[in-house]
Each structure stands twice: as structure tokens, then as C-alpha cells.
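By written order: A, B, C and D. Residues from 1 in each chain.
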């Protein structure tokens, strides 16, 4: 029995009634929405946005007093919710950025999930994250991976809180409807050793014979700040210019540290504005040190240490440092590249600055609007 | 200048005021939403749903009368809008399914876009789709690719309309903010030849020396029904059983025909219910011929020729044919596999049937609710 | 304890004595042999050569009478021994070409080895080769794989002998010192079915869902002449010209049918001489039907059905058919490509013919020399 | 016109005459040579062998006096010629090992070739090798790549000679008939900078954004001894045991530094004999420091700084250090792995020592035989 086009009659309805009939049958006419669905260039819902350290930190501290870390409230995390995403707690359509606050002598219990996470340490000391039994020390400027389906818990042995940036692919995995989560049977997982993942990776271009990588992520779980520093300096000596950029990669394959987003570090030198570029996909930038400004689609975003901002797909972006600045960033580029969707271009002319970023909500409040002016 | 945690004070606010302050600063507390964001197994917003041919066809015919194909209304397409997706014209969070109706002697003008599309022909004859100059004939049961950024237009030379199923990765590319679109300078692009893409692929396991594939999709643009038929029969002879399944692949690489979703054909033989399986990611099934029923998470969906249904991520799914049936399907599996997120499992026991699908909207209307009962 | 350059004295010997001292210590001075070791272009030891069917066939028949197929003399094979290779039974430095003769109702016992073999059937019928339990029928023009470490035996159920061409990577594996061999515990291995490997590969661009390939070779073990014929005709219709060429590939990956050498079919149409090309690596050509001539480095080689010839690395080669001709060929190209050593070029001018091939040994014998003149 | 088996008659000759007829037609009967061609396990022609530093160094020094480096005698190289290879200047069937001696203030002129070379520095200082414009400094323990078709020249600015180990794939490329060679138009190529290749590779797991690798080899051309030392120490701390082994890899892909052979460093700690292993393919070991012995197929080879030895395919091999020892090695493993021919196994029992290595030629001479006894 095959498809028959002749056994039903056309319904003799007018256009309005016709549209109602479509809606009643869960159908939508493409011709009314085609231009919005298929714009000539990406029309992101992600908005360019910036969160100030001085706004977020007091709230993170307060959360440290108000919220305890126990089962049911595992992590003290403030998600950076992009105003363009209609109330979703996502920083862009693919990326989750957040600040996590771990108080003195606190532990965040062990669990695992299919979303991959990275932790970029902003402040504090004496903390370790255990990843599948490997207790990885965390110090400012370090990058720690807690990749797909790896058990992880966080432990602060010091008298000071730690604050780090959380980067996850959670929004993408929500769209892909692929999120699994599991609590560890114990509050904390057993520790097999300290910084084990680093043992095989002491020299550039050298690897233990017979070493092989997990398929979905780097075997190296801690990328120390010192290595980053050394690489940035070498690149600057070699290349010069206003900007050097590096990517954190799987040392056994050269691929991204995690499969679903890139981790990058950009060092800006003062005095020069970088060329305006645009690319498909979004990025979340975390200012680790220094200050400067970025222009995103003509709007100026000033930033200093601890500030975080997001650039949407195909936005024109340039940067200028007021003093030497390090911007850690995550980006969905590896996904776009895997699907042959990545495009980038450099504009022949720099963009004009047509305004300065003021958060929409803040515009109605003197107290709020002031937060973008220091 | 680095990050300083000590220069601001904790804000001394109560919990409710604290939550308000978070919202005002575009922050969201993870602890309130963690279980919803990170469920133990996927919690899809995509709903299992079914669109009946007898409901959609009369409206498609009526659209043929009401809507003309001119610039600004390029395609006469009825999108299958999943009720779980809050008004978005998407069939699942990653996949677009639609019916396209091309009237006698009509042409749909030439354009290109980064979303990849496939066309699976349901009824009609004498139509061709030109893809980058290659006029590909379309007959029922054929699969035609119009992949990423390939110029394409559709042309009906016959006195009968054609209806085909459109499958696109449009929802995924919307999330990835990677949609580019361009109209061709001419209404129709020039034709360089007919069915050119098939010329190099006449024999299994043989290819022209020196042939190489585009990176993002198959060089073969038309997969004829006859080849599918021949393969299904050979597989059934070899494997037996209630179900044989094949995938349309790039003959030069063995990869999926397009990068972003799989195209599959499933032939069901009557008399046996297939085991219940679940997998991450969604699928859209198009009944090409035959009738039967599928059970999705315990709900029974009866289907016949031309019906289309969608299965959400991690749903338990089994099928049973009343007569031999061919189900064409698209699935986001290649994306999940590329990102190491694909999981599948077969349940040890078949699922019980707890209800029969009735469209929600239809429940309020006798006329509508009747449409699922023939 | 490290390397010390100062604790020994230079030996005060003259040049001749010095050279003798080198030889006595298994050392060779590069400066005497550099030009020979590192020529400006490849300096093959493989010689262009041709074996006439009319010379080889009578001897193969006679071997059928003199040699029985029993353990210890498993295969009745005449190897084509290139005169440039100093008595080694190899057709080129990487490829083994041979004729195998299987008499009526004979069986060649089961064994396996790491050298991969292909069998291209020249004449006969009613034979099957069992490969890991799969009894693959063999008819003229079929290509049968017996890949690396697969059990295989050959069985002739007919009243006629069969002659096929054997292609192996045996010379390469000899250099790589990687040959393993094992006799099957039984004279013949058990048969699980007939032509099983073909069951999943009935349609172009279609594969069974979930199918995966062995890593080292194609899962398809028999490539029928009919498929080759169909592909050659389609290519000729599409491309025109004096030559169409196809490669036998793994239908699940697009890679070569076996890892270590390519299998190709070239159809020549009479009336045009092909452009002169050269490439790194050697090829062995088997004339399946038709007649013509090839010019190799200026020397003319005339050929007809059943003749076999070899082209050395970087030789200028062109072909011309007197009547439509099919040349099956094997080549070490996949190895060179994997190691980034493959080069090819087309000469801007056709090469002049400076002589006609006469086997060296034949030159001393009127009976022999005559064999290249019919 | 197809193949005809009936138009010729069997030649009525006896077995001896038959064999003569085969030879006259460049045919060889497989049945006489099958066991030798297809042994049950690899039957290498490469012999286990060892060259003593104290034997080779005086001759290298003498060569420095006798041989000048000018066009026509480009390199002062003593090749380690394996006695099993019938006079060929090859260390194994796939690998070339040699000592190169560059006198004070000498330069070896610029050329390029398809064979890839590595230089492992044994003694000396103040030398640089320019590779495609990049002047790479050479110090003891450094590994320098001069890969496929890269221009290179060697320059000694010091008052001392330098001696290094040359490793090449020359024997393999001879078999593959793929050697191209070209002299640079100038005696020395222009230098664009010093140690440029190292600039992008300062930190483990980090790479310059957008960096991509040449297809055939590592972009890193100098692997400093310091990095090797650091990695060996970290591995030893992490793993313990009698042996730690590392491989020099392409930092952008994790693949071997050159495509055609592996470069490895093995550090042995005294007091323990390693398990006996065998693998397909050959290795050439260079003792950089320390002393010990290796047992190869039951024969004991004692070694000290500067000694070089070769292990054939499938030989049982174990090592024991008398003092901490570093063995640099090259191996054809990447080729075997690419072709799916690599096998390795560890024997359950250690091998017995049945003899001590004495060079065959040396056995006839008291002076020579003594050289293996200190």
C-alpha cells in the first residue's frame, strides 16, 4: 500500500481559515517565516553581553554564606544568563559560562555527567579537583578538565575561598538531548594520586611509548599556568604584534582538549587595536589580568580583571588593551569545524564605535547603570 | 593588574533580595535548576508526535492553490512543528521535517544555504532538482541531496503535482548560529547535464580512479529507489528477521550522505514486533509504503502511507508492521557520534502499551480527534 | 658514562688500507656510493618486462600434469620473475605477479599468511575460493580477495582447469620482514555459506546500518565482472576519451580493497594513444581482453589477451589499443600515498619509440626471440 | 578478443627440461620456494649486529683527514652495513644507520632528497643544520630532523669535530623506488633565522591558534636533549621500573616525527633485566650513555657509549644496564602500523643466553676479535 495523492480533496477554505487549519494540525507555513529562519548571514539570538567582576563577586560571596554544599545543591554556581536567550541560564546557544565559588574547607560532592566542563581558576589556592581518581591541584591561571562522563569533586583545603570560571557545553547538549547525570555513591570519590595526568607529558613533542588517548578528550587534565605563560612568551618573541593566541590541545592528538568546545588564551599588548574579525559560533571571554576594551558589532565593551563577556556568531570583534591583558576564552569552533560550518573573515576596515555597552536592565536604574562605568 | 577578591564586600541581603539581585545582573543560580538542567537521563523537549497524510495532504493541495512560488515565497513548504518546541517550526531540536508541494509546471527558484537538505519523493513524477548545475530527476522513493551551500532549484515539467518530504538540519544550525542564505542571481541556474553525479557510481566497490569527495557531503546527489529496493531485498535474503535497515552513505568515504544527519531506510515485515530500543538523539520517520504501528515510550502510534512521526531522544521505540512497510528516516546520529555523545541500548523486555496517540489540540475537537482513528 | 671522542687516536693508514679497514668493520663509505644510492630520479632495479600468454600457458598446463597439489606443494603457481631483481621470484620490488593453474576437480589446501593476495580470473569456471568460511565463486573477470591473515583454499568442481592471475604484496612484506604463515589444521576449511560478503553490498551508496569494516581490507571479497563492466560503461558514457580507469575499493571506507596495493581496471578504446605519464611505484598489468601496445621508457611492448607486463617506477608510460582492451592492474600506490611518497606527472610531449621489447634471454635463441614477434 | 586456453598445447617435456623452460621465460615455480618465501614466522635477512664506537671512531677521524667535503663528496658518512644484506650499505632492510663526521669549520653543502633523515648528536658542539632556512643548533643528545624533500646543510663553527648518528629510511625508499635527489643551487642555503621551528612549541598541550602541520613530518625540527631528560625523569618518577621509553612525535598530531620511522629514547636502570619481547620490524639502537648488554635471540651483545646495534624482525630482545643507560633508537614501526602488519609480544619466560656476539669477519683476526671483548 503506497502513497495516494488522489483520494483526498482539497479543502476549500480561505487563507485565514487555511492558516488556522495549519496551526491546528501542528504545521507551519515556511513562506511566512523563511527570511527569519534563513537569514542571509547568521542572526544570532545570543547577545553580546558583559558581566562585571565587581557586580558578580559580591553576590558570589553572599552565595557562599547563604547556600551550603550538600546533596541537592551540589555546586555554588552563578550562571551567566544571556538576555537574548529568553530566560535560559545559558551564556550563548552552545556555551555555558558561570562563576563557581568554593568556600574555605568546603567540598563539592562527586558526580559525573555527559556535558564536559572546564574550570579556569581566577582566585584562591589550595584546592584540588579529583577527576576519576586523579587529584588535580588548582591554582590561579590553571585550566582543569572534568570531561564527559568523568567523576569529579572539588575540595578546598585552604582558609580562603576559591573562585573559578566554569565553561560547559551544556546548552549544546540540551539541544542534542544527550544529557546524562549520575551522583557518585560516595560523597567524595577515592583519590589514587595527585596530578597523575601530568606525569606522561613533561616535554614538548615527546610522549610515552604506547600511550593512547581517550577518544573524547585529552588525557592531560591539568594545564598549568606556567606552561601557558612560557608558551605566550615564546610566541610573542617569535611573532611580535598586538596579539598572540594559543589553544589548549590534547597532547596525543593535537585535537581540542575537549571535543565540544575550544579552550584558548589570548594575550593582548597595549597600544594597538586588533583587526576586526568575525567568525561563525560564539565565544566567552574571561579577563584573567589586565584591562582594555573590545568592540563587538560597533559597541564598545570595557573590561578589567574578572570581567566576562560573550561574542555572538558572525559579530565583528576587535580588541585593544590598556595594559597587557590575558583573555581566557571558550568557543564552539570545534563543533562547527567538525560539521564543516566554520567560517571566519577579517574585515578590510576597522569598525566604527557607535555606542558603549549598557546592560538593558541597568538602564532603568542608576545603581545598576553605574556598574559599567568604573 | 590581576583579579582581586578582597576589594569588594559581601552584600548583606536576605535570600529573596539576593535572588532578585542575581536576576537584575543576568545571573541564575544553578542550585535551583540543577536537576532540570542535568537530568539523570535525557529529558527531551521534543515530543513524540505524528502527522497524518490525510490531514496534511488536503492542506498541501490547498496551499498549491493559495500560494504562488515567486521570490519572497520561494518554497511551498508545510513544516511539521513539534508541539513540545514552544511554537518553533521544528520537528525536533535538531531536525526539520516538512512536506513540500510543487504544482504542475511550477519551478521553485534557485538559492543556496548552509543548512543541508534532503528530499525524499513521496508522489508525482517528471520533476528535477538542479544541484550546482546537475539536473537530478526525482521519482517516488528517490532520495535527492541539496547539501550545504549548493545552489538548487526544483522544476516540475509534468501535469501532476509532486509532494516530497524535506529533511533539514535547520534547527541544529539555528542553535549553532551558522545559517547563511543566498538567492541565485537568476530565477533558475543553468543546467550542465542530467544526473551527472550518478555517472561515476555504477558499481558497488568500484570508483573512478582519482575521484575524491567534497568534504562535507556525498558526491552522489541522487539515490534511486531501485538501488534501495535491491539492497533491501539482498539484506532481507541474507539476514531474515522482522527488520532490515540501511543507511544512505557517501560512496567515496562510507560516511553519511550529509554531515549533519543520517538518511536511513527501514523495511518492516509483518508478524513480529521489533525489540524495544532507545538511543540518544531524535529521528523523523516517513512512511513510504505499508502500514503498522510504533510504540514510543509506551504510547501507540498507528501509521499508514504518507504519515510522518518523530521519536525523541532516549525514548523506548519498537515497531510492528501490519503489511510490509518501508520507513524512510532521518536522524541526528552523525552529530552525536562525532561528538562522542551517541548511546544506544536494547531493552531486555518489550514495553507495555499504556495508551494511543491523540494529538493534544485534537482532543478538544471531535473533528480533529477523529483524524487519528481511521 | 658518556661518549668520548678523545680517548682513541686516529688510525694512520693510507686510503686503500683505510677502505679495507672499513670493510673489515662492516662499514661502507657513503661518498663512493652516494650518487647511486641517491639518484636524481628513481633508478629502479625493476625492469620493464612482458610475459606472453602463449609462452606461459603451455608451461602452466605442463605444470598441471607434473605437479600435484598436496601439502608441501600447496599451490601450482608460476611466478613472474623480473630479470632486474637478481633471481628473486618477484615481479617488481614490491609486487608479486603470477599465474596459478588449478586443474579439474583439484583443491588447493587451506592456509593463511600475512601477505595479502588478490585473484583475477582469466579462464575457467565452476571454481570457488573459501575465505574465512565464505565460499566465493570465481568466474572470468572476477576479482577475489584473500586478504592478510584470512584462511583460504581454492576448489575446482568443474571438468576444466582454471587459470587466474595472483597479485601479492609478498616482495614488500619480505623487505618489511613481516611474513607469517600457517597451515589450516584441516585440508579444507569449513564452508559457512556462499558469496556471503556480497550480501550487504547490493546498491551503490547504501550500506547496512551498523556495518563496519575490517581495518586492513575490504569486507567485500568478490568483485563481480558484471559490476566492473557496468561501471566501465557508465564512465565511458560520462567521460568519453581513449581510457577510462576504475579502482576496486572498500565500499565501507572508499579506501583500497587491500591496504598494500591498489587493484585497478583500465579500458582502452582504439584509435588514440594516451598521454605519457610517469608515477612513483610499479604496476603489473594483465591483459584481460583486446590487444594493443604500451610504450615504456621509449620501448614498445605489444600485447594481447593473457599477456602480463610490468612498469617500473618513474617510467614514462603510454598505451594504445588496436581493439577495445581491458587491462587489469595492481600497483603499490596506496603504500606510497600512505608514506607521502607518491608523485605523478604527465609529460607535455608523447615519447618517441626507440625500440621494441625483446627479452634478453630470448635474444640468444631463435625460438625464444620469435615469441615476441607475432 | 578474450583469453583462450585451448589454442596452445601442453609442452611434452620432462621435469628438468620443464624447469629449464621456466627459467628461460623468467618464470619461477612457487612450489620449490614456498617455504622460504612464506616462513611460519619472519625469517629476516637482517642480522643482529653491533658496531663498537672504539672501532668506528678512529676510522671516522681518519676519514676527516682523508676526505674533503665538496660537491661530489657531500657528506663524510660511514654507513653501518649489515652483513646479512649481501653487501648493501643498509643497517636493516628498511633502515639506514651511519655515523657522520663534520670537522672543525667545515660545512656539508645543501641538498634535499625524498629519504627522510634524522640526526642524533653524539659529540661536539657549535654546529647547526639549516633546514629550509631554519638554522637548528645541534648539541649532544639533540635530535634534528631533515625530513622528506627539505633542503638541508650542516655547518660546524667550532674548533672541534662533531659526530652524529644518521638515521634514514633509505633502504625502504630504495625498495619503493621513490628516491629523488636535488643539489641546492648554492653551496649553502640562505638562513632565515635560528631555531625557528621551536618557537611555537614551548608548552605541553598548547599550540598556537591556527597552527597546522606539514602532512609528512613534524613542524618541530629540533628536539632538545633537555626536553628528553625532563620527560624521562617524569616518566621514571611516575612509572618506576627498569625501563622508561618515549617517542619523539609531531606535537600537532601526535604522529611520528617523520612518517617512515619512529624515533625513540629508552632509559635503562641498572639491576634488572627487562622482559623478552619481540616485534615485527627492525630497530637500530645507539648507546648515548651508560653501559649494559642486550640479548638478541639468545646472543649477548655488550655495549657502552657510542656503540650501535641492530635488532631484526621478530627477534627476542631483552636489555640490562650495568649503569644507567640511554639508548636512542629508530624503528620502522610506523610503516608496519600503517599497513596493519605490526605485531608484538612479550615472552612468558626470559631467554637463555647461548653465546656472545663476535663479528664474523673479526673471528679470523686476533686484532679484530679483540674489539668485542673490552
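Heads up, the rule we're going with is that a contact is a pair of C-beta atoms (placed from the backbone, for glycine too) under 8 Å apart; a residue touches a chain by one contact, two chains touch by 3 or more.
Since the structure is predicted, the reported quantities are computational estimates derived from the model, not experimental observations.
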| item | value |
| --- | --- |
| Approximate Å spacing (C-alpha centroids) for the pair chain A, chain C | 54 |
| Rounded Å distance, chain A centre to chain D centre (Cα mean) | 46 |
| Computed distance of Cα centres, chain B from chain A, in Å | 29 |
| Where chain B touches two or more other chains, by residue | none |
| Chain contact graph, described as a line, ring, star, complete graph or other shape | ring |
| Pairs of chains, among all present, that meet the touch criterion | A-B, A-D, B-C, C-D |
| In the complex, chain C residues that touch chain D | 1-5, 8-13, 15, 18, 21-22, 24-31, 33-34, 37-46, 49, 51, 53-59, 61-67, 73-83, 89, 92-94, 98, 113-115, 122-124, 140, 148, 160-161, 163, 170-182, 215-216, 259-260, 280-282, 288-291, 304-306, 312-314, 323, 332, 335-336, 338-341, 343, 359, 361-362, 365, 368 |
| Chain B to chain C touching residues, read off their complex | 196, 198-210, 213, 218, 220, 223, 227-228, 230-231, 233-235, 237-239, 244-254, 257, 264 |
